[in-house]
Amino acid sequence: MQTEGTGQRHDPHQELTDVLLLRVRYSETDQMGTFYNSRALEWFECGRTELMRRRLGRSYATLEAAGVFLPLVEAHLEFQGPARYDDLLRIESTVSWSGRAQLRFRVRITHAETNRAVVQGYTLHAFVDRTGRPRRPPASFLELMAQAATAGNVPATKS
Amino acid sequence: MQTEGTGQRHDPHQELTDVLLLRVRYSETDQMGTFYNSRALEWFECGRTELMRRRLGRSYATLEAAGVFLPLVEAHLEFQGPARYDDLLRIESTVSWSGRAQLRFRVRITHAETNRAVVQGYTLHAFVDRTGRPRRPPASFLELMAQAATAGNVPATKS
Amino acid sequence: MQTEGTGQRHDPHQELTDVLLLRVRYSETDQMGTFYNSRALEWFECGRTELMRRRLGRSYATLEAAGVFLPLVEAHLEFQGPARYDDLLRIESTVSWSGRAQLRFRVRITHAETNRAVVQGYTLHAFVDRTGRPRRPPASFLELMAQAATAGNVPATKS
Amino acid sequence: MQTEGTGQRHDPHQELTDVLLLRVRYSETDQMGTFYNSRALEWFECGRTELMRRRLGRSYATLEAAGVFLPLVEAHLEFQGPARYDDLLRIESTVSWSGRAQLRFRVRITHAETNRAVVQGYTLHAFVDRTGRPRRPPASFLELMAQAATAGNVPATKS
């Protein structure tokens, strides 16, 4: 039945994880010698971008081109330890539904070589149209999420 | 008595508020046409900097020069509405103690002319020394907080 | 005569100067302890924005709303000395015509209190329409430039 | 002879090239829909960082740890075309001596798939010590440059 099918697509257990490796840029440091706090939100974005491309098979750029935007509604960050210029970081991002109309990305950033914690947190995203008005997630997006979650997670790869 | 005095200095009701006006820079926008999310944390910092200079009479730069650093431990942001290039924003920051050894800055960013909400949230800061090790807030800082809270809040001014 | 009038408007001696004061943000420093190099281009933009608002009486935001965009074609920067967190900088911007269809902004950034040099350089801007195609400067803009240049420079003010 | 040897090390024909691929981040766009101009200087930095790690076999982080800093003295940029969110860019960086005590990095950024030009320019770097005072390039660095230039260029790789 259509209704049941739609319900399953929002299964709260449906989630996708992806891992991205990136290096701290010099421009991301500050005079304390570690990364400036707001850069963490930019790394969260890098994680989201690669998760969508690699796990959903549909880049966020394509989504926006189709009139679907995912602005941040909420963000939370816990700063756990330093990361310096040129350090190699591991960004693990996991997307899941938050209710029927929002996405939650949980992120854990660690040092790739030592596993030491750097930042963890989440961002919450609404679906809006080109004019900024809330809209339902497109059916094709629900489909992609459901398919990808069924397919299981792929191994971590440098992107 | 010394002990009572120190206790009072951490009075949870002790808080200071300051208001800063600033304009959205072009570099702070993104292709969605509003400010990129991480910029909000940079505006939070601008609010903290002016609050400390204007309400405590001691700039954060001076504090760091004396070996006292206030790195972020936690941050939380709720994105409430757009802000575009050249919009004039009102940043209201309030500092208070969080336990005996951390500071909490609560921030509310609104459009200066219409009062429409843009972002609200908080940042939580530890006291650390030059090497990044936790340390107690310096006595002189406790004193400044206590004095400023007693003096009452000053009127909002463009900085 | 119309034609002569238009010619005068591109008078190479026609130029406007404005001064903006701003403080170095913590987010603009890097681990060398001074500002990260690319921030200078963002300060150049702050200078342009205020020059247009204060000297032309027409904000760049209004110009873009009317379909006139001024993307950078070229930029040149000479880094002359450090500027640290919370330092108060003086940004002196001068706009003039570069040929008939481009604007040149020359910028000199110094320490407001000591006059020590920080950065100097210029940016060159084309006039393009909403789709990015080159276009002639609008007549109203030529008019504003000519009027403002005639009016003479206003005294430096904190913005 | 020692002197001749040192002279050869500054051979103006001695140069190293490296190629880095990177994607435009959402945080790097602005409301014009393309990258904000100052980001180009941050991409130049990414190019330098990888060139030094891959071609000299010594990261810039290691150099700074040894008390050798390479601050920008001058930068020049020509903006040739747009680059949008998620576009894959090719950053070709070439380092050579500029006189006996400065390095010049020439950079060409193009679209990786279409070869369309995005930005080209250069940065000029002094050698300074921890306190910001000019110093001679360390002998070990001269050696690495000479060896690497002799070894010839390696094929372009995604980093």
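The first chain written gets the first letter, and so on, giving A, B, C and D; residue counts start at 1 in each chain.
In the analysis below, a residue touches a chain if its C-beta (ideal position, glycine included) is under 8 Å from a C-beta of that chain, and two chains touch if they have at least 3 such contacts.
Quick caveat: nothing in here was measured; it's all calculated off a predicted structure.
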B-D or A-D, whichever has more C-beta pairs in contact: A-D
From the options A-C, C-D or B-C, the pair that copies A-B, where over half of the contact pairs coincide: C-D
Centre distance in Å when chain A and chain D are each reduced to the mean of their C-alpha atoms: 31
Gap in Å, rounded to a whole number, between the CA centres of chain D and chain C: 28
Distance between the centres, which are taken as Cα means, of chain D and chain B, whole angstrom: 38
Shared-contact residues (touching 2 or more other chains) in chain C: 26-27, 31, 38, 42, 45, 64, 84-85
Chain A partner contacts - residues on chain D that touch it in the complex: 23, 25-27, 42, 45-46, 49, 59-61, 64, 84-86
Chain A-touching residues of chain C, taken from the complex the two chains share: 26-27, 29-31, 33, 36, 38, 84-85
Of chain C, residues touching chain D in the complex: 31-32, 34, 37-42, 45, 64, 69, 71-79, 82, 123, 132
